[in-house]
(Lines give C-alpha, C1' and ligand atoms only; values in the text may rest on other atoms or scores of the structure.)
Protein backbone atom coordinates (compact mmCIF):
# COMPACT_ATOMS: atom_id res chain seq x y z
CA UNK A 1 0.00 0.00 0.00
CA UNK A 2 2.98 2.29 -0.52
CA UNK A 3 1.51 4.15 -3.43
CA UNK A 4 -1.94 4.66 -2.14
CA UNK A 5 -2.66 8.36 -2.32
CA UNK A 6 -5.36 7.93 -4.92
CA UNK A 7 -7.03 4.89 -3.48
CA UNK A 8 -10.63 5.46 -2.45
CA UNK A 9 -11.88 3.32 0.40
CA UNK A 10 -15.47 2.46 1.20
CA UNK A 11 -17.34 3.97 4.12
CA UNK A 12 -19.47 1.61 6.20
CA UNK A 13 -22.26 2.31 8.67
CA UNK A 14 -23.23 0.60 11.91
CA UNK A 15 -26.32 1.29 13.98
CA UNK A 16 -25.81 1.92 17.69
CA UNK A 17 -28.42 1.57 20.40
CA UNK A 18 -28.22 4.30 23.07
CA UNK A 19 -28.54 2.71 26.53
CA UNK A 20 -29.76 4.50 29.66
CA UNK A 21 -26.33 4.03 31.28
CA UNK A 22 -24.79 6.08 28.44
CA UNK A 23 -26.61 9.21 29.63
CA UNK A 24 -24.85 11.51 32.06
CA UNK A 25 -25.88 14.32 34.42
CA UNK A 26 -26.34 16.67 31.45
CA UNK A 27 -29.08 14.37 30.10
CA UNK A 28 -27.18 13.49 26.99
CA UNK A 29 -24.79 10.74 25.94
CA UNK A 30 -21.60 11.10 27.98
CA UNK A 31 -18.64 12.28 25.94
CA UNK A 32 -16.47 9.21 26.52
CA UNK A 33 -19.26 6.91 25.29
CA UNK A 34 -18.78 8.24 21.76
CA UNK A 35 -15.49 6.33 21.78
CA UNK A 36 -17.34 3.20 22.83
CA UNK A 37 -19.78 3.69 19.95
CA UNK A 38 -16.84 4.08 17.58
CA UNK A 39 -15.24 0.88 18.87
CA UNK A 40 -18.52 -0.99 18.56
CA UNK A 41 -18.74 0.08 14.91
CA UNK A 42 -15.11 -0.88 14.36
CA UNK A 43 -15.72 -4.42 15.64
CA UNK A 44 -18.91 -4.81 13.62
CA UNK A 45 -17.25 -3.56 10.46
CA UNK A 46 -14.19 -5.77 10.97
CA UNK A 47 -16.55 -8.73 11.02
CA UNK A 48 -19.16 -7.69 8.47
CA UNK A 49 -17.34 -5.46 6.01
CA UNK A 50 -13.66 -6.39 6.14
CA UNK A 51 -14.08 -10.13 6.56
CA UNK A 52 -11.85 -10.55 9.58
CA UNK A 53 -13.41 -10.34 13.02
CA UNK A 54 -11.62 -9.30 16.23
CA UNK A 55 -11.84 -12.95 17.31
CA UNK A 56 -9.84 -13.97 14.24
CA UNK A 57 -7.19 -11.38 15.04
CA UNK A 58 -7.00 -12.71 18.61
CA UNK A 59 -6.63 -16.28 17.30
CA UNK A 60 -3.66 -15.17 15.21
CA UNK A 61 -2.11 -13.57 18.31
CA UNK A 62 -2.93 -9.96 17.46
CA UNK A 63 -5.11 -7.31 19.03
CA UNK A 64 -5.84 -3.68 18.20
CA UNK A 65 -5.30 -0.62 20.41
CA UNK A 66 -6.08 3.04 19.87
CA UNK A 67 -3.08 5.28 19.24
CA UNK A 68 -4.83 8.55 18.52
CA UNK A 69 -8.36 9.88 18.62
CA UNK A 70 -9.32 13.33 17.46
CA UNK A 71 -13.02 13.95 17.97
CA UNK A 72 -15.11 17.08 17.57
CA UNK A 73 -18.49 17.13 19.28
CA UNK A 74 -21.20 19.00 17.38
CA UNK A 75 -24.61 17.94 18.65
CA UNK A 76 -25.83 16.28 21.84
CA UNK A 77 -27.35 12.81 21.59
CA UNK A 78 -30.36 12.03 23.78
CA UNK A 79 -31.91 8.79 24.93
CA UNK A 80 -34.16 7.51 22.16
CA UNK A 81 -32.07 9.04 19.39
CA UNK A 82 -31.18 6.79 16.48
CA UNK A 83 -27.38 6.68 16.21
CA UNK A 84 -25.28 5.52 13.28
CA UNK A 85 -21.50 5.36 13.14
CA UNK A 86 -20.02 5.80 9.69
CA UNK A 87 -16.34 4.92 9.39
CA UNK A 88 -13.94 4.97 6.48
CA UNK A 89 -10.39 3.68 6.38
CA UNK A 90 -8.17 6.30 4.76
CA UNK A 91 -4.94 4.36 4.69
CA UNK A 92 -2.63 1.92 6.43
CA UNK A 93 1.06 1.99 7.17
CA UNK A 94 3.21 -0.45 9.11
CA UNK A 95 1.18 -1.53 12.14
CA UNK A 96 -1.37 1.28 11.82
CA UNK A 97 -4.72 1.86 10.22
CA UNK A 98 -6.08 5.39 9.73
CA UNK A 99 -9.80 5.89 10.07
CA UNK A 100 -12.20 8.80 9.62
CA UNK A 101 -15.48 8.57 11.47
CA UNK A 102 -18.79 10.34 11.83
CA UNK A 103 -21.28 9.76 14.62
CA UNK A 104 -24.68 10.50 13.10
CA UNK A 105 -27.97 11.25 14.77
CA UNK A 106 -31.56 10.77 13.72
CA UNK A 107 -33.16 9.60 10.51
CA UNK A 108 -31.57 12.46 8.59
CA UNK A 109 -28.14 11.58 9.96
CA UNK A 110 -27.01 14.92 11.26
CA UNK A 111 -23.39 14.92 12.41
CA UNK A 112 -23.28 14.62 16.22
CA UNK A 113 -19.51 14.17 16.20
CA UNK A 114 -16.75 13.58 13.70
CA UNK A 115 -13.08 12.87 13.78
CA UNK A 116 -10.19 10.72 12.80
CA UNK A 117 -8.28 8.01 14.56
CA UNK A 118 -5.28 5.76 14.37
CA UNK A 119 -5.48 2.16 15.52
CA UNK A 120 -2.37 0.00 15.93
CA UNK A 121 -2.15 -3.76 15.64
CA UNK A 122 -0.03 -5.24 18.42
CA UNK A 123 1.16 -8.67 19.44
CA UNK A 124 -0.85 -10.05 22.38
CA UNK A 125 2.29 -11.76 23.67
CA UNK A 126 4.59 -8.75 24.04
CA UNK A 127 2.35 -5.76 23.41
CA UNK A 128 4.54 -4.47 20.59
CA UNK A 129 3.30 -3.16 17.23
CA UNK A 130 3.22 -5.71 14.42
CA UNK A 131 3.33 -4.86 10.71
CA UNK A 132 -0.12 -5.61 9.32
CA UNK A 133 0.17 -8.80 7.21
CA UNK A 134 -0.51 -8.50 3.46
CA UNK A 135 -3.66 -10.66 3.58
CA UNK A 136 -5.18 -8.31 6.17
CA UNK A 137 -4.18 -5.23 4.17
CA UNK A 138 -5.82 -6.86 1.18
CA UNK A 139 -9.08 -7.22 3.14
CA UNK A 140 -8.88 -3.60 4.25
CA UNK A 141 -8.56 -2.39 0.65
CA UNK A 142 -12.27 -2.28 -0.08
CA UNK B 1 -14.44 -24.22 57.83
CA UNK B 2 -17.32 -26.66 58.26
CA UNK B 3 -18.05 -25.72 61.81
CA UNK B 4 -17.91 -22.01 61.52
CA UNK B 5 -21.22 -20.70 62.77
CA UNK B 6 -19.67 -18.89 65.67
CA UNK B 7 -16.66 -17.45 63.90
CA UNK B 8 -16.65 -13.67 63.80
CA UNK B 9 -14.90 -12.08 60.86
CA UNK B 10 -13.54 -8.57 60.65
CA UNK B 11 -15.21 -5.83 58.64
CA UNK B 12 -12.95 -3.63 56.53
CA UNK B 13 -13.56 -0.25 54.94
CA UNK B 14 -12.39 1.22 51.63
CA UNK B 15 -12.86 4.80 50.48
CA UNK B 16 -14.30 5.31 47.02
CA UNK B 17 -14.00 8.42 44.89
CA UNK B 18 -17.20 9.28 42.99
CA UNK B 19 -16.33 10.19 39.38
CA UNK B 20 -18.44 12.39 37.09
CA UNK B 21 -19.00 9.43 34.75
CA UNK B 22 -20.69 7.56 37.63
CA UNK B 23 -23.56 10.05 37.63
CA UNK B 24 -26.62 9.30 35.53
CA UNK B 25 -29.59 11.27 34.18
CA UNK B 26 -31.14 11.34 37.67
CA UNK B 27 -28.13 13.30 38.94
CA UNK B 28 -27.02 10.57 41.29
CA UNK B 29 -24.64 7.63 41.14
CA UNK B 30 -26.04 5.13 38.62
CA UNK B 31 -27.33 1.97 40.25
CA UNK B 32 -24.94 -0.41 38.52
CA UNK B 33 -21.93 1.62 39.68
CA UNK B 34 -22.58 0.50 43.26
CA UNK B 35 -21.40 -2.93 42.11
CA UNK B 36 -18.25 -1.36 40.72
CA UNK B 37 -17.66 0.34 44.06
CA UNK B 38 -18.12 -3.00 45.81
CA UNK B 39 -15.63 -4.68 43.48
CA UNK B 40 -13.12 -1.89 43.99
CA UNK B 41 -13.37 -2.41 47.75
CA UNK B 42 -13.05 -6.16 47.31
CA UNK B 43 -9.80 -5.79 45.35
CA UNK B 44 -8.39 -3.28 47.82
CA UNK B 45 -9.28 -5.47 50.79
CA UNK B 46 -7.86 -8.60 49.15
CA UNK B 47 -4.56 -6.75 48.85
CA UNK B 48 -4.52 -4.72 52.06
CA UNK B 49 -6.52 -6.74 54.55
CA UNK B 50 -6.39 -10.37 53.45
CA UNK B 51 -2.81 -10.40 52.24
CA UNK B 52 -3.47 -11.88 48.81
CA UNK B 53 -4.06 -9.50 45.92
CA UNK B 54 -6.06 -10.26 42.79
CA UNK B 55 -2.75 -10.33 40.91
CA UNK B 56 -1.55 -13.16 43.15
CA UNK B 57 -4.73 -15.13 42.48
CA UNK B 58 -4.21 -14.63 38.75
CA UNK B 59 -0.60 -15.82 39.06
CA UNK B 60 -1.84 -19.02 40.68
CA UNK B 61 -4.29 -19.53 37.81
CA UNK B 62 -7.41 -18.41 39.66
CA UNK B 63 -9.84 -15.55 39.27
CA UNK B 64 -13.01 -14.52 41.08
CA UNK B 65 -16.48 -14.07 39.63
CA UNK B 66 -19.73 -12.91 41.20
CA UNK B 67 -22.35 -15.61 41.72
CA UNK B 68 -24.99 -13.62 43.55
CA UNK B 69 -25.58 -10.02 44.50
CA UNK B 70 -28.47 -8.88 46.64
CA UNK B 71 -28.43 -5.12 47.05
CA UNK B 72 -30.94 -2.76 48.62
CA UNK B 73 -30.67 0.90 47.70
CA UNK B 74 -31.53 3.30 50.52
CA UNK B 75 -30.11 6.73 49.75
CA UNK B 76 -28.93 8.43 46.57
CA UNK B 77 -25.23 9.32 46.27
CA UNK B 78 -24.33 12.63 44.62
CA UNK B 79 -21.15 13.91 43.07
CA UNK B 80 -18.91 15.21 45.83
CA UNK B 81 -20.24 12.76 48.42
CA UNK B 82 -17.68 10.87 50.44
CA UNK B 83 -18.28 7.14 49.90
CA UNK B 84 -16.97 4.25 51.97
CA UNK B 85 -17.55 0.56 51.27
CA UNK B 86 -17.57 -1.64 54.35
CA UNK B 87 -17.37 -5.36 53.67
CA UNK B 88 -17.31 -8.36 55.94
CA UNK B 89 -16.75 -11.97 55.00
CA UNK B 90 -19.35 -14.12 56.72
CA UNK B 91 -18.13 -17.52 55.65
CA UNK B 92 -16.61 -19.66 52.94
CA UNK B 93 -17.56 -23.02 51.51
CA UNK B 94 -16.05 -24.97 48.63
CA UNK B 95 -15.21 -22.43 45.92
CA UNK B 96 -17.33 -19.65 47.41
CA UNK B 97 -16.92 -16.73 49.77
CA UNK B 98 -19.92 -15.04 51.37
CA UNK B 99 -19.73 -11.32 51.93
CA UNK B 100 -21.96 -8.71 53.55
CA UNK B 101 -21.46 -5.15 52.41
CA UNK B 102 -22.57 -1.62 53.17
CA UNK B 103 -22.10 1.37 50.90
CA UNK B 104 -21.83 4.36 53.22
CA UNK B 105 -22.24 8.03 52.49
CA UNK B 106 -20.86 11.14 54.10
CA UNK B 107 -18.77 11.74 57.19
CA UNK B 108 -21.45 10.15 59.38
CA UNK B 109 -21.55 7.07 57.16
CA UNK B 110 -25.25 6.78 56.51
CA UNK B 111 -26.19 3.60 54.68
CA UNK B 112 -26.69 4.38 50.98
CA UNK B 113 -27.00 0.69 50.12
CA UNK B 114 -26.46 -2.64 51.78
CA UNK B 115 -26.53 -6.24 50.77
CA UNK B 116 -24.85 -9.57 50.59
CA UNK B 117 -22.98 -11.36 47.88
CA UNK B 118 -21.38 -14.62 46.88
CA UNK B 119 -18.12 -14.66 44.97
CA UNK B 120 -16.76 -17.86 43.42
CA UNK B 121 -13.13 -18.71 42.75
CA UNK B 122 -12.69 -20.27 39.32
CA UNK B 123 -9.85 -21.68 37.27
CA UNK B 124 -8.73 -19.24 34.56
CA UNK B 125 -7.97 -22.17 32.28
CA UNK B 126 -11.38 -23.84 32.18
CA UNK B 127 -13.68 -21.41 33.97
CA UNK B 128 -14.78 -24.01 36.49
CA UNK B 129 -15.10 -23.45 40.26
CA UNK B 130 -12.07 -24.43 42.32
CA UNK B 131 -12.16 -25.32 46.00
CA UNK B 132 -10.49 -22.46 47.86
CA UNK B 133 -7.06 -23.72 49.01
CA UNK B 134 -6.45 -23.94 52.79
CA UNK B 135 -3.78 -21.21 52.79
CA UNK B 136 -6.26 -18.78 51.23
CA UNK B 137 -9.00 -19.78 53.67
CA UNK B 138 -6.53 -19.15 56.42
CA UNK B 139 -5.92 -15.61 55.16
CA UNK B 140 -9.65 -14.99 54.94
CA UNK B 141 -10.16 -16.00 58.57
CA UNK B 142 -9.36 -12.62 60.04
CA UNK C 1 -54.28 -3.98 42.71
CA UNK C 2 -54.87 -5.00 46.35
CA UNK C 3 -56.24 -8.40 45.61
CA UNK C 4 -53.86 -9.42 42.93
CA UNK C 5 -52.39 -12.75 44.06
CA UNK C 6 -53.85 -14.68 41.16
CA UNK C 7 -53.16 -12.14 38.46
CA UNK C 8 -50.81 -13.41 35.76
CA UNK C 9 -48.71 -10.78 34.06
CA UNK C 10 -47.07 -11.04 30.67
CA UNK C 11 -43.35 -11.52 30.20
CA UNK C 12 -41.67 -9.42 27.55
CA UNK C 13 -38.31 -9.81 25.83
CA UNK C 14 -35.79 -7.23 24.66
CA UNK C 15 -32.67 -7.92 22.61
CA UNK C 16 -29.41 -6.46 23.89
CA UNK C 17 -26.29 -5.82 21.87
CA UNK C 18 -23.06 -6.65 23.75
CA UNK C 19 -20.52 -3.85 23.24
CA UNK C 20 -16.73 -4.20 23.50
CA UNK C 21 -16.71 -1.82 26.48
CA UNK C 22 -18.96 -4.26 28.37
CA UNK C 23 -16.16 -6.85 28.47
CA UNK C 24 -13.83 -6.89 31.46
CA UNK C 25 -10.43 -8.36 32.27
CA UNK C 26 -11.99 -11.84 32.55
CA UNK C 27 -13.01 -11.64 28.88
CA UNK C 28 -16.71 -11.74 29.65
CA UNK C 29 -19.44 -9.18 30.24
CA UNK C 30 -18.65 -7.32 33.47
CA UNK C 31 -21.03 -8.18 36.30
CA UNK C 32 -22.39 -4.66 36.79
CA UNK C 33 -23.30 -4.43 33.09
CA UNK C 34 -26.04 -7.01 33.62
CA UNK C 35 -27.88 -4.28 35.54
CA UNK C 36 -27.44 -1.94 32.59
CA UNK C 37 -28.90 -4.61 30.31
CA UNK C 38 -31.85 -4.98 32.69
CA UNK C 39 -32.46 -1.23 32.72
CA UNK C 40 -32.26 -1.06 28.94
CA UNK C 41 -34.93 -3.75 28.71
CA UNK C 42 -37.03 -1.94 31.31
CA UNK C 43 -36.99 1.30 29.29
CA UNK C 44 -37.76 -0.52 26.04
CA UNK C 45 -40.63 -2.42 27.60
CA UNK C 46 -42.05 0.68 29.25
CA UNK C 47 -42.25 2.22 25.80
CA UNK C 48 -43.18 -0.78 23.66
CA UNK C 49 -45.13 -3.07 25.95
CA UNK C 50 -46.64 -0.94 28.71
CA UNK C 51 -47.48 2.09 26.63
CA UNK C 52 -45.80 4.68 28.81
CA UNK C 53 -42.19 5.58 28.06
CA UNK C 54 -39.67 6.93 30.57
CA UNK C 55 -39.96 10.29 28.79
CA UNK C 56 -43.69 10.37 29.60
CA UNK C 57 -42.97 9.64 33.25
CA UNK C 58 -40.45 12.48 33.31
CA UNK C 59 -42.99 14.82 31.72
CA UNK C 60 -45.42 14.01 34.52
CA UNK C 61 -42.73 14.78 37.09
CA UNK C 62 -41.86 11.19 37.97
CA UNK C 63 -38.79 9.05 37.59
CA UNK C 64 -37.93 5.48 38.57
CA UNK C 65 -35.13 4.30 40.84
CA UNK C 66 -34.00 0.82 41.82
CA UNK C 67 -34.77 -0.17 45.40
CA UNK C 68 -33.59 -3.77 45.36
CA UNK C 69 -31.81 -6.07 42.93
CA UNK C 70 -31.23 -9.73 43.60
CA UNK C 71 -29.26 -11.32 40.77
CA UNK C 72 -27.75 -14.76 40.42
CA UNK C 73 -25.08 -15.20 37.77
CA UNK C 74 -25.11 -18.58 36.04
CA UNK C 75 -23.20 -18.36 32.77
CA UNK C 76 -20.62 -15.95 31.40
CA UNK C 77 -21.57 -13.85 28.37
CA UNK C 78 -18.91 -13.26 25.72
CA UNK C 79 -18.55 -10.67 22.99
CA UNK C 80 -20.62 -11.79 20.02
CA UNK C 81 -23.19 -13.60 22.15
CA UNK C 82 -26.82 -12.86 21.43
CA UNK C 83 -28.43 -11.55 24.63
CA UNK C 84 -32.11 -11.26 25.46
CA UNK C 85 -33.60 -9.83 28.63
CA UNK C 86 -36.95 -11.31 29.62
CA UNK C 87 -38.81 -9.40 32.31
CA UNK C 88 -42.13 -9.97 33.98
CA UNK C 89 -43.91 -7.72 36.41
CA UNK C 90 -45.14 -9.77 39.34
CA UNK C 91 -47.05 -7.09 41.19
CA UNK C 92 -47.23 -3.48 42.29
CA UNK C 93 -47.84 -1.84 45.64
CA UNK C 94 -47.79 1.81 46.63
CA UNK C 95 -44.86 3.39 44.78
CA UNK C 96 -43.23 0.08 43.87
CA UNK C 97 -43.23 -2.37 41.02
CA UNK C 98 -41.91 -5.91 41.46
CA UNK C 99 -40.15 -7.49 38.52
CA UNK C 100 -38.64 -10.89 37.78
CA UNK C 101 -35.99 -11.01 35.11
CA UNK C 102 -33.86 -13.45 33.15
CA UNK C 103 -30.80 -12.55 31.13
CA UNK C 104 -30.66 -15.10 28.33
CA UNK C 105 -27.80 -16.10 26.09
CA UNK C 106 -27.62 -17.52 22.61
CA UNK C 107 -30.25 -18.70 20.18
CA UNK C 108 -31.43 -21.33 22.64
CA UNK C 109 -31.77 -18.71 25.39
CA UNK C 110 -29.84 -20.37 28.17
CA UNK C 111 -30.10 -18.50 31.46
CA UNK C 112 -26.97 -16.39 31.96
CA UNK C 113 -28.46 -14.67 35.00
CA UNK C 114 -31.80 -14.41 36.74
CA UNK C 115 -33.25 -12.47 39.58
CA UNK C 116 -35.88 -10.19 40.92
CA UNK C 117 -36.01 -6.49 41.51
CA UNK C 118 -38.03 -3.69 43.02
CA UNK C 119 -38.26 -0.34 41.27
CA UNK C 120 -39.77 2.70 42.99
CA UNK C 121 -41.48 5.65 41.34
CA UNK C 122 -40.35 8.94 42.86
CA UNK C 123 -41.11 12.61 42.43
CA UNK C 124 -38.39 14.39 40.46
CA UNK C 125 -38.98 17.50 42.56
CA UNK C 126 -38.37 16.10 46.04
CA UNK C 127 -37.07 12.59 45.43
CA UNK C 128 -39.80 11.01 47.52
CA UNK C 129 -41.79 7.89 46.57
CA UNK C 130 -45.13 8.56 44.88
CA UNK C 131 -48.04 6.13 44.83
CA UNK C 132 -48.31 4.82 41.27
CA UNK C 133 -51.38 6.48 39.69
CA UNK C 134 -54.30 4.20 38.66
CA UNK C 135 -53.85 4.86 34.93
CA UNK C 136 -50.25 3.66 35.14
CA UNK C 137 -51.22 0.60 37.17
CA UNK C 138 -53.80 -0.12 34.52
CA UNK C 139 -51.12 -0.06 31.83
CA UNK C 140 -48.91 -2.36 33.88
CA UNK C 141 -51.71 -4.93 34.22
CA UNK C 142 -50.98 -6.70 30.96
CA UNK D 1 -8.20 37.85 27.59
CA UNK D 2 -7.85 39.16 24.02
CA UNK D 3 -4.16 39.80 24.20
CA UNK D 4 -3.09 36.70 25.97
CA UNK D 5 -0.43 35.07 23.81
CA UNK D 6 2.30 35.55 26.36
CA UNK D 7 0.30 34.57 29.42
CA UNK D 8 1.61 31.47 31.17
CA UNK D 9 -0.96 29.41 33.02
CA UNK D 10 -0.34 26.97 35.84
CA UNK D 11 -0.49 23.22 35.41
CA UNK D 12 -2.31 21.25 38.11
CA UNK D 13 -2.24 17.57 38.96
CA UNK D 14 -4.96 15.23 40.19
CA UNK D 15 -4.51 11.64 41.33
CA UNK D 16 -6.83 9.06 39.82
CA UNK D 17 -7.64 5.66 41.25
CA UNK D 18 -7.87 2.92 38.61
CA UNK D 19 -10.95 0.76 39.27
CA UNK D 20 -11.40 -2.87 38.17
CA UNK D 21 -14.30 -1.82 35.92
CA UNK D 22 -11.90 0.44 33.99
CA UNK D 23 -9.99 -2.58 32.69
CA UNK D 24 -11.01 -4.11 29.37
CA UNK D 25 -10.45 -7.37 27.56
CA UNK D 26 -6.87 -6.33 26.76
CA UNK D 27 -6.10 -6.20 30.49
CA UNK D 28 -5.43 -2.50 30.50
CA UNK D 29 -7.47 0.64 31.12
CA UNK D 30 -10.07 0.94 28.34
CA UNK D 31 -9.35 3.77 25.92
CA UNK D 32 -12.55 5.72 26.61
CA UNK D 33 -11.84 5.72 30.36
CA UNK D 34 -8.93 8.10 29.79
CA UNK D 35 -11.58 10.72 28.98
CA UNK D 36 -13.30 9.94 32.27
CA UNK D 37 -10.01 10.39 34.09
CA UNK D 38 -9.55 13.73 32.34
CA UNK D 39 -13.02 14.87 33.34
CA UNK D 40 -12.45 13.78 36.93
CA UNK D 41 -9.30 15.90 37.02
CA UNK D 42 -11.15 18.79 35.43
CA UNK D 43 -13.85 18.75 38.13
CA UNK D 44 -11.29 18.43 40.92
CA UNK D 45 -9.21 21.29 39.56
CA UNK D 46 -12.25 23.50 39.04
CA UNK D 47 -12.99 23.08 42.74
CA UNK D 48 -9.49 23.01 44.21
CA UNK D 49 -7.38 25.11 41.87
CA UNK D 50 -9.69 27.53 40.08
CA UNK D 51 -12.00 28.27 42.99
CA UNK D 52 -15.27 27.56 41.22
CA UNK D 53 -16.70 24.06 41.41
CA UNK D 54 -18.99 22.45 38.84
CA UNK D 55 -21.79 22.79 41.41
CA UNK D 56 -21.30 26.57 41.42
CA UNK D 57 -21.49 26.67 37.63
CA UNK D 58 -24.72 24.67 37.76
CA UNK D 59 -26.14 27.07 40.36
CA UNK D 60 -25.46 29.95 38.01
CA UNK D 61 -27.26 28.12 35.20
CA UNK D 62 -24.17 26.98 33.32
CA UNK D 63 -22.63 23.64 32.54
CA UNK D 64 -19.59 22.52 30.55
CA UNK D 65 -19.47 20.23 27.55
CA UNK D 66 -16.56 18.86 25.52
CA UNK D 67 -16.18 20.34 22.03
CA UNK D 68 -12.96 18.68 20.97
CA UNK D 69 -10.61 16.04 22.34
CA UNK D 70 -7.35 15.10 20.70
CA UNK D 71 -5.64 12.31 22.59
CA UNK D 72 -2.56 10.27 21.78
CA UNK D 73 -2.12 7.00 23.63
CA UNK D 74 1.47 6.12 24.46
CA UNK D 75 1.55 3.53 27.23
CA UNK D 76 -0.99 1.07 28.59
CA UNK D 77 -2.20 1.54 32.18
CA UNK D 78 -2.74 -1.57 34.29
CA UNK D 79 -4.73 -2.19 37.44
CA UNK D 80 -2.65 -1.10 40.40
CA UNK D 81 -0.84 1.61 38.46
CA UNK D 82 -0.69 5.03 40.06
CA UNK D 83 -2.28 7.54 37.69
CA UNK D 84 -2.00 11.31 37.72
CA UNK D 85 -3.73 13.72 35.35
CA UNK D 86 -1.85 16.95 34.74
CA UNK D 87 -3.86 19.67 33.01
CA UNK D 88 -3.01 23.18 31.97
CA UNK D 89 -5.30 25.82 30.59
CA UNK D 90 -3.70 27.41 27.55
CA UNK D 91 -6.28 30.07 26.82
CA UNK D 92 -9.93 31.04 26.73
CA UNK D 93 -12.06 32.68 24.07
CA UNK D 94 -15.78 33.39 24.02
CA UNK D 95 -17.49 30.38 25.56
CA UNK D 96 -14.45 28.12 25.28
CA UNK D 97 -11.52 27.06 27.39
CA UNK D 98 -8.48 25.38 25.83
CA UNK D 99 -6.70 22.75 27.87
CA UNK D 100 -3.59 20.63 27.43
CA UNK D 101 -3.44 17.41 29.40
CA UNK D 102 -1.13 14.54 30.24
CA UNK D 103 -2.18 11.25 31.75
CA UNK D 104 0.82 10.07 33.75
CA UNK D 105 1.67 6.64 35.06
CA UNK D 106 3.71 5.41 37.99
CA UNK D 107 5.87 7.16 40.52
CA UNK D 108 8.11 8.52 37.77
CA UNK D 109 5.10 9.89 35.88
CA UNK D 110 5.73 8.47 32.44
CA UNK D 111 3.32 9.81 29.84
CA UNK D 112 0.57 7.22 29.24
CA UNK D 113 -1.40 9.64 27.08
CA UNK D 114 -1.35 13.30 26.18
CA UNK D 115 -3.49 15.67 24.25
CA UNK D 116 -5.43 18.85 24.08
CA UNK D 117 -9.09 19.66 24.44
CA UNK D 118 -11.68 22.37 24.11
CA UNK D 119 -14.50 22.67 26.63
CA UNK D 120 -17.46 24.96 26.05
CA UNK D 121 -19.61 26.63 28.68
CA UNK D 122 -23.30 26.38 27.81
CA UNK D 123 -26.57 27.54 29.28
CA UNK D 124 -28.42 24.70 31.03
CA UNK D 125 -31.71 26.24 29.94
CA UNK D 126 -31.21 26.29 26.17
CA UNK D 127 -27.98 24.37 25.61
CA UNK D 128 -26.38 27.27 23.79
CA UNK D 129 -22.79 28.50 24.33
CA UNK D 130 -22.42 31.38 26.78
CA UNK D 131 -19.53 33.83 26.81
CA UNK D 132 -17.48 33.03 29.93
CA UNK D 133 -18.13 35.84 32.47
CA UNK D 134 -15.16 38.05 33.46
CA UNK D 135 -15.11 36.82 37.07
CA UNK D 136 -14.72 33.23 35.85
CA UNK D 137 -12.02 34.21 33.37
CA UNK D 138 -10.28 35.92 36.23
CA UNK D 139 -10.31 32.71 38.25
CA UNK D 140 -8.96 30.75 35.29
CA UNK D 141 -6.03 33.15 34.91
CA UNK D 142 -3.80 31.40 37.43
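Chains here go by letter, A, B, C and D, matching the order in which they are written, and residues are numbered from 1 within each.
Definition applied: a contact is a pair of C-beta atoms (placed from the backbone, for glycine too) under 8 Å apart; a residue touches a chain by one contact, two chains touch by 3 or more.
Remember, predicted model here, so these are calculated numbers, not experimental data.
Peer 1: Report the chain whose mean Cα position is at the greatest distance from that of chain B.
Peer 2: Result for the farthest chain: A.
Peer 1: If I rank A-D and A-C by number of C-beta contact pairs, which comes first?
Peer 2: A-D
Peer 1: Are the two sides of the chain A and chain B contact the same residues or different ones, given that same means over half of the numbers occur on both copies?
Peer 2: same
Peer 1: How many angstrom lie between the centres of chain A and chain C, each centre taken as the mean Cα position?
Peer 2: Spacing between the chain centres: roughly 31 Å.
Peer 1: Based only on mean CA positions, could you tell me how far chain A sits from chain B in angstrom?
Peer 2: Chain centres of chain A and chain B, defined by C-alpha means, are spaced 35 Å apart.
Peer 1: Just the number, please: Cα centre separation of chain A and chain D in whole Å.
Peer 2: 24
Peer 1: Can you pull out the residues of chain D that are in contact with at least two other chains?
Peer 2: As it turns out, chain D has residues touching two or more other chains at 20-21, 32, 36, 39, 79.
Peer 1: Which of the residues in chain A end up touching chain B in this complex?
Peer 2: My answer: residues 20-21, 23-25, 27, 30, 32, 79.
Peer 1: Quick check on the complex: what are the chain B residues that touch chain D?
Peer 2: Its residues touching chain D are 17, 19-21, 36, 39-40, 43, 53-55, 79-80.
Peer 1: Over in the complex, which chain C residues touch chain B? Could you list them?
Peer 2: Chain C reaches chain B through residues 26, 31-33, 35-36, 39, 63, 65-73, 76, 127.
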